[in-house]
Every structure is written in structure tokens, then in C-alpha cells.
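There are structures below to look over.
You will see two complexes here that share subunit A, one where it goes with subunit B and one where it goes with subunit C.
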Partner chain A sequence: MNKFNVICVDDQPEVLNAVQQDLKPLKQWLNIEECESAAEALELMEELDAEGQMVAVVISDHVMPDKTGVELLAEIAADPRFEHTRRVLLTGQATHIDTINAINQAGIHHYFDKPWNVDKLVGCVRSLVTSYVFDAGMDYSDYREFLDAQMMLRRLRIY
Partner chain B sequence: MDEEKLKPLIDRYFSTPERQMLLEAGTVLIEQGGNNERLYYVRSGKLAGFYSEAEESEEGSESTQVLSAGTGEFVGVHSFFSGTWTASSTVIAQVDSQLAWIERADTESPDDYSALTAQFMPLIVNELSQRQIRAMRESLAKEKALQQLYTAEQMTTLGQLAAGIAHELNNATGVVSSKAVRLEAAISSLINQANPELATFFETGLIQGQVLTSREVRERGKTFEKTYRLPKDQARELARAIPREGHIETWMKQHDVAIRAWQLGRDLYDLKLASQHTVGIVKSVKQLGRTEISHDEVININDTIMQAKALLKSDLRGVSVHFEPGTLPAFTGSQTELMQMWINILKNACDALKSTIAPEIHIHTRYSNGWYYVTIGNNGPEITEETRRKIFQPDFTTKKTGLSFGLGLGLSIVKRIASNYNGSVAVKSDREKTIFRIRLAPWNSNE
Partner chain C sequence: MRPRLKYIIPLMVPLLLLLLPLSAFPFEGMTVIQQRVVAIFFLAALCWVFEPIPIYATSVVIIVLELLLVSDKGIGVLRLEEGQSHFGELLAHHEIMATFASPIIMLFLGGFFLAMAATKYRLDVNLARVLLAPFGQDPKYVMLGLMLITAVFSMFMSNTATTVMMLSILAPVVAVLTPEDPARVAFALCIPVAANIGGIGTPIGTPPNAIALKYLAEDNMITFGEWMVFAVPFVIVMMVAAWLLINTLFRARQDTIDINIKSHFLKTPKAMVVYITFAATILLWLMGSSHGMNSFTVALIPVAIFSITGIITREDLKKISWDVLWLVSGGIALGLALDKTGLAQLVVHSIPFGEFSPYVVLTGAAALCLLMANFMSHTATANLLMPIMAALGSSMASLTPLGGEVTLILVVTFAASLGMSLPISTPPNALAHATGHIQSQQMAKVGSILGVAGTILSFVMVWVLNITGFLG
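Showing the complex of A and B:
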């Protein structure tokens, strides 16, 4: 079974670590990657794509040096290779304008405020990966037990 | 008004001995709204006219000075020539004043009146224009005072809010950090009792946390995966935990428990780090809300700059600092506040100069017309116009790197302090240099 990749981006290592640990319950079927900058995340996505791997979700902090989370997610949104990749902003420091840009330019699928609720974060990633699987038109049978059941039912009714 | 043109007028109308009087200081000459049928000429002394909104002068009703007449000037022009014969303000002698007057009766015959008005025309126009100019100046001054008050009010509110938050946060952080210390001791002793071998792994995590970057962990994980034939997740956990110079074989022997012990230590390390971080933030927030500062110290601004330079010695290493102190008279204010300003600006300059080759800071002080000017410039990168607009806002920062991040309070503190001293701070920046100009007046010198 090929694991889907979830990439977490935050310039503060302790925060990155905490996110990664919180996502542990999903480790059985997801590969959690950590990056300390937007550049590193883009590089890693390039690498994973070259290996034919799937990037299902990117969870990024917003306020980072060099490139912000919104800029990173906007860049990912514009890349046809990652058109199904789900984009999540996890930040405590976004202004009103940042948030507007996150929706209009980066088309984010979910917004988390820091500090985040672990169960909600895990649940959100689970349902985002589920929708990714369906949007990317992949065979979901291998992952049935892990996917978000409700989301799966809803998607199956449509198709 | 032209004295020479006025002289024949004075001689003719204001020289009758029985129409001269001495008004003692503090005596009311005419009441606002009252009848006034005289035009007074001030031979010597000084009078002031006050206008008050309230119909009767109730207690506490505020009156505004609208008129002042010194030697050679007139009182009652308004009521006399407007034909209302009603005083527009209450006129009181400020010092003992000698007055001469003419009366309405003098103007009873129409011919006399028009002759009088014709002669007094320049005087009337002059009086009206004086009043107009005075009203304009006052409204400008009022506008400015309101603006200052508004700024000061904003800053005080922000400061009080900050102090309140700082207090609450301090309590919360106090609990977090003391419990973290307690947990550390408890877990440490538990591990030592249960399995002393694991203590080393726990302590490695506790002492330095995770040292490797996410990139290093990824690469090292791949190597471990191959070398030790481990599943990806486990390889990566080990890559994260084992110090660069660590003895890998020791870890591999019991890697499952070793990782868990290390993670426990690492979590406590992060917890301590985060609470220290909070303490630091609270400290700088408190600075913003500081109220217990004494402003009557007599200080030398050049000295405070030298002290700020000394405090920032390590930050300024490698930067060539040129200080040209001007000759400054002693300044009244708070040494702490001034140093806070210089430290904030200099620290920002240091941060801005990080990637500049041959970094330089130029400091210059000058005194002129009651104002103290301090200019601090650096040859760092240009601050864009967009950033310049936001640079003094309390939540604006460009420093977001890891734990050394800024709160965006520095320059807002500078601005608040400068405004306390009736002063201002401005920033100019182009590709060659960035300059902060601070203008200050001694404490309370304007009151």
C-alpha cells in the first residue's frame, strides 16, 4: 500500500514537531513530512512528484521568513501537478488581509487557528485526504478502513 | 494700525479729560450680552475679552479668551459700530489700565455718525481682521492639540491593555514553567528508578531538544532505513533523536524504548523553551505598558546613546559605528525611556545589517530652538514604502525567524516615547541608507 504524503510547514521547529506528533494516529496510512521553510516544502514536493508519490495535503504556517504560507499555498494551487493537493493554513498571526488572500489567491481548503485542537486537526486531515483520493480518481479500496466514512459515502453517491 | 493716521483721531475724540478713567486690574469693564454704548481707547495697560457659552456665568462654565487689547488699541469696536450696542464678550482689565472713551450720544446726529464711521473705517476693518486671524489660529491650535491628545490617548490605552495582558500571562506562564520543572524532576527520577539505561536517552532530549533540521532528519532517515533495514517511520524517529556525534549502536540496541525516552525529554525541553519564550514576550509587552517611570531626571542625551551602544556591544560586533555627538544642553526626562528608544532603533539596525557587506551605523545629535534631534542611520537594505507606512504600528514586524522573532513592539515603543516628549520619529529609506530621525523636547517643557 502506497502511503499518501502530508507535508507540514512551519519555521518554528517545536511547533512543527508538535503538529507532526499530533498527526501520529494517521501514520499507519499517511507519511507525515516536515519542512522548516516554504522553499524546503517546494523542493520536497518536487522530489516526491519525481518519485511518483502523491502529496495529498500541505499544512502551512503563514508568517515565515522569505516566503509566507499564503504565498506557498498559492504557488501550489497554481501548479497543475498538485491541482488536487489539499491546502491548509495553520496560523495564529494572520491578519484580516492575509486571510482574504488565503481564500482568494491560495484557495485554501481549511483554516486552523493556533493553538489548534488535536482531534479536529486529525479529523480534518482525514477528510481532506479522503476528498483528495476521490478527486484524483484513485482506487480507494486499499484505504477504505482509514478514510473519512461520511465523506466517502457522500462522494460515492455522486459518482 | 498706522499710528500716524490714528493720532489725529485720538487727539480729536479721546482727549476729553472728563472721559478718561483708570480701571484697576481685575475689574470688569463690560459684560458679555450687556449694554455697551462706549468705544474705549486704551491709553495704557492691557485688557482681555472672554466669551462664554453659558447664558449666565454659571459655576464651572468655561470661558474662552477672544480679545486682547493693549496700549493704543480699542475696546468695544464690535458693539459700537455694529449698531447692536451689545457687548460680544466680557472685558476685564488684566493690569491697571488707563482708558478714554466716546459715547453713543456723540453719534446721535446722523451726520456726526457717518463722519465718525468714515474716520474709523480702517480701525473697524483692522479689528475684524485681527479677530478673524485670531479665530483661525485658535482653531488650528485646537485641532493640533486634539490630535496630540488623541495620539497620547491611543498610546496610553494600548499601554494599559498591554500591562493587563502581561500580568495575566505572567501568572499563566508562571504555572507552566514551574510545573514543567516539577514534571522534569519527577519523570527523571522515575526513569532512573525503573531503567537507568534509559536515563541517557531521556537526558539527551531534555538537554538539547531536537538539534537536526527537518531536511537533515529526512536525509539521515533514508540512510538509517537502508543501513539498519528499519521501517521508514522508525528510521526517521531515530534520525531525529540521535545527536550528530551520538553513539548510534547504543541507540540501535533498544531503539524502541530509546526513542520514547528521548521524545519525553524533548517534549519537556520544548515546554521549557516555550515558557521561557513567553516570559520574554511578556517582558517586552510590559515595557510598552510601563507607567512607573520618573521623568524629572536631568540627563545628557549623548551619554544615553553611549550607554545604549555599550549594552548592544555584542550585537554591534562587526558594525562600524560612527557617533558624532553635538553640543547639547541638559535634557529633562527619563533615562530608561531614552535608552529604550536608542536600543530599539539600534537593534533594528543591527538586524537589518545582517547581510550587508561593510555595515555602518551613523549617529548624530543636534540641538536647535528647544528641540533635541537624534539621527540614527545605517547602510542596510531599503525599507519599502509599504513597510515604512506600517513600521510604527504596534503589531508590525518583519522578524519571524524561529525563536528570535520580534513582537513588532520596538518601533511602536519608540513612537510612544517620542510622543511623550512632544516629539516625533520619522523614517527615510533608499537603496543607500535608512535613517531614523527623532525629535524631542524636554519633559513638560510645553506645559
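Showing the complex of A and C:
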């Protein structure tokens, strides 16, 4: 069974640790990666893609040196290799304009305000990976015990 | 089972069977071709049990191996001895390929088109809403309503599609129940149970029925309507039993429950075409052969109508469950090889089944099938057992007073659908289990009680059919 990758991007190591800790219940079937900058995240995605691995979700902070989270997520959204990758913004400092860009340009799938609710974050990642499994054309039955049941039922309804 | 063994066993056992000398087999006059079919049969059986590859892939492997090893257009060096008596008769390659488009497959294709159109034009959800209304708000009766609707739908749609639809309808209802209310278990469990049992109701309800129909050709032909005459009452009795059982084990704490389905009947011209075609096809199926068409021919009418009208589009065609069709094709190809090479007859004649009590054979066959169906795909179980049962049934004279091969095939077919005690037993079970409301042992309890009770009831049913002269 392939493990799906979830990439967390934040310039503060303590935030990364906290997210990593929160996502522990998913570790059995997800590989959680940590990156401290947008550039590192993009490099890691290149590497994973070259190895034929799948990046299911990217969870990014917004305010970071060099490239912002919204710019990173917009770049991922525009890359056909990662068209099914789910994009999540996790930030406490986005302005009104940033939020508009996050929706219009980066087409984010979910927005978390800091501090976040652990159960909601875990539930959201599970649900996003579930829809990724269907979009990426994987056989959902291999992962059935881990997937989000509601999303699975919805995706199995053909229309 | 260590992970590597599930690859090694299905590969090594058939290879060993291929390399043994003919004299090693305890059957007088066995041919080289028959030996190859034995190897293919074991490969299929082991692959379907251990699942090193998806079950439909096993079916494709069967067909391709038959073409390469035992067909008249197979690998040249493997048929140099053609014409010699110990070699045996090769199969015609076009007959093997034709299993992909056998009438049984066409029947299912027609069923798929009907189900897809019904889902696309929301006929299924709308019917569920209307049919559920009279059952009120008492959780007990709401559950009965849900079960009956699930059973009726799974007679015409796949059990899996029905389960997905009903569980989606139920999700918001179950979500508002308190976590410790046993009604959660009851509601999530009643759907797969009803879908599995409901599938027995018609020849297109579930693939094992269609496979059985394949072996009930000619003298023993059962029409669509005739099948329903005995299968629907069986489903009704089982449904009441299942309802009573689930209600006793998991009694709801709440007094009322409200299922709110947001949907309206579509009234567009295309929706009308779907309604009329759906009703007309089922009517033609129920009329038997009084109009000269058999159920296979009728099945292709909706395929044509929905294609012409654009109700099923090019994109929709890609969503057809080809894996289910291929899974059945492989089974038919396996049956074809066992029958046409004379292997099935050879084996059945070499073992003195005639001396066994027919009751022992019937009970043993049903028990074996029920056991297998609990642990592997129902269709794969039927694929493996049905050709053997057909050969056994037709050669056992002592079975004739009990209804002959029809009796044997029917109890085995029903047992195949009743294997539902584990999450892995059927896709509906797996989906219901994935909702997280049911524990495996709760499913096992209900599933095994109903499985054994259903198998016993199927014996009563064939006994009634036999004394009323319905069989033969």
C-alpha cells in the first residue's frame, strides 16, 4: 500500500511540531513531511513526484520570508502535475486582500485560523485525502478503513 | 498469512499441476488439455481466495491463459500434439473471447444502464422518499421501510450502488442520534443486510444469480418472472426475520426519527423517457417469454434507448462497472473450459457421488458455498462452484426426486448471497463498516444468524417448489 504525503509548511518550527503532533492519528496511512519555507516545499514536491509518490495535501502558513503561503499554493494550483493536490491555508495573519487571493488565485480547499481546532484539522485532512484518492484514480478499497466515510459515500455516488 | 505467501501459493500450485505427468492424476483417460484446465482452475481459485491481484484481473488472466494454453489459436509449440488422443480437444478461440459478450453479460449491461439512468435522473432518491413516507417516524418502522426499499432497489441496481445511496440518505439521520444509542448500529447494519438479501430477488440483482441462470439453460430454463415468483417471497421472509433480529438486538432509545430527503421528481422530457423505459423494461422482463423475447434481448432495449436519447452520454459510459462484467466473464470462461474439455464430467464420474445421500451433497454444497462467500467475493464463489454443481447435479440420479440439478444450483446460489457476516464478505458490508457505527462482532452476529437461517430457508423453498411441481 502506498502512503500518501501531506506536506506542512511554516517558518516556525514550533508550529510544524504542533501540526505534526496533531496529525499523529493519521500517521498509519499518511506520510507527514515538514518544510520551513516555500522553496523547500516546492523542492520536496519535485523530489516526491520524481519518485512517483503522491502529494495529497499541502498545509501552508501564509506569512513567511521570501515566498508567501498564498504564492506557494497558487504555484501548486497552476502546476498540472499537482492538479489533484489539496491546498490548505493555516494562518493567523492574512489580510483581507490575502484571503481574496487565497480563494481566487490559490483556490484553497480549506482555511484554518490560528489557533486551530485539532479534531477539525484531522477531520479536514482525512476528508481532503479521501477526495484526492478518488480524483487521482486510486482504488479506494485499499484504504477504506482510513478514509472519511461521508466523503467516500459522496464520491461513490456517480451523479 | 505472510504477505509473500499470497503470491507464491497461487503461482506454485498451478505450475506444479502443469508439470506433473498425466498418470499422477487419479482420473482415467485424462488429456493434456484437461490437465492445463485443472491448472487454470486452481490458479483462479487460489487467486480469488488470496487476492494477490484484484478479482477482476484474475478473470482476465483466466481468459488470456485459456486462449494461450487450450485454444486453437494458442501458442504453437504447446499444440504440436494436436490430433493425438491423449492430447484432447482444443477450444475454439472465438468461443472463449465470446464470454466477454455472453448473454449474461448483456443482461447485466442492461441492468447497469437502467440503474445509471435512474440515479442520474434521481429516480432512486425520489422513489425512496415517496416509499418511505408511509412508515411514519417510529424508528422501528422507519427501519422496516428502509430495509424494504433497499431490498427492492438492490433487485434492480447493484447491491453496492444501493448501499451507497441508502447510507448517504441515512448519514444525517444517524449523525443526530446520541453516540450510545443502539439505533446507530441498527440503522447502519440494516442497509447492507437488506441489500445483500434483496439482491437474491431477481436474476440481475446480483451476479451469482445471473451465473446460476447460465447453468439453468435449455430444459431447466427459468425466466425472469419465474425467478421472482420464488425469490421475492424468500426475500420478504428473510427481510422480516432480519428486521425482527436487528430490532431485538439493537433497540432504539429515541421515540421518533425524522428522515428528510430533499428531492423532487424531475419532469423534463428526458426524465419521462427514463421513467417509461424503466417501467417498460421491467414489465417486459416480468412477462416472461409471452412476447417472444427472452430477458437477454429485453436487456438491450434500454441500452439503445438511453444511448439514442443522450440520457447516457459518452462520459457516463466510462463509469460502467466493467470490473463486474469482466469478473463474470472470467467465470463463464472457466465454466466453458471445464465443460467443453469434458473435465467436469470426468471428475464427477470418477468420484462416486451417486452413492452419497443427496441430502449430504445438498447440505455440503450449500455449507461450502456459504463459508466461501463469507470470506471472498460472492461472484468469485459462484464462478468457481457453479460449473461443478451443474455437472454434479446432472450426473447424480439420486438428486432427481428432489428436483435434480435445479435444486442444487438454487441452494448454492442463495447461499452465495447469504455470506455476509464480515466486513470483507461483500462491498455493502465494507461500506457500512467504514461508517464507523458498527463493530465487526455485531455484524458477525447478525450476519451469521441470517446466513444460516437463510440457507435453511432456501432448502424449505426448493422443497416447496419441488412438491408443487414448479421445478422440472
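As a working rule, the second predicted complex is superposed on the first by the 158 of 159 C-alpha atoms of A that agree within 3 Å, B and C clash if a C-alpha of one lies under 4 Å from a C-alpha of the other, contacts with A are read in each partner's own complex, and residues count from 1 in each chain.
Just so it is clear, contacts are C-beta pairs under 8 Å (C-beta built on N, C-alpha and C of every residue); 3 or more make two chains touch, one makes a residue touch a chain.
Source: prediction; values computed, not measured.
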Which partner does A:L16 contact after superposing on A: first (subunit B), second (subunit C), both, neither? first
Return first, second, both or neither, reflecting whether A:R157 touches subunit B, subunit C, both chains, or no partner chain. second
Look at A:E51 in the shared chain and tell me whether it touches subunit B only, subunit C only, both, or neither; answer first, second, both or neither. neither
If we overlay the two complexes on their shared chain A, which of subunit B and subunit C does A:C35 touch? Say first, second, both or neither. first
Classify the contacts of A:R144 with the two partner chains as first (subunit B alone), second (subunit C alone), both, or neither. second
In the superposed arrangement, does subunit B or subunit C reach more residues of subunit A? B
Do subunit B and subunit C touch any of the same residues on subunit A, and if so, which? none
Residue ranges of subunit B in contact with subunit A within the complex: 209-210, 213-215, 217-218, 232-233, 266, 270, 273-274, 400-403
Which of the residues in subunit A end up touching subunit C in this complex? 139, 141, 144-145, 147, 149-150, 152-154, 156-159
Which stretch or stretches of subunit A touch subunit B in the complex? 11-14, 16-18, 27, 31, 33-36, 40, 44, 63-65
Using the touch rule from the top, collect the residues of subunit C that touch subunit A in their complex. 54, 116, 119-120, 122, 160-161, 164-165, 167-168, 171, 319, 427, 430-431, 434-436
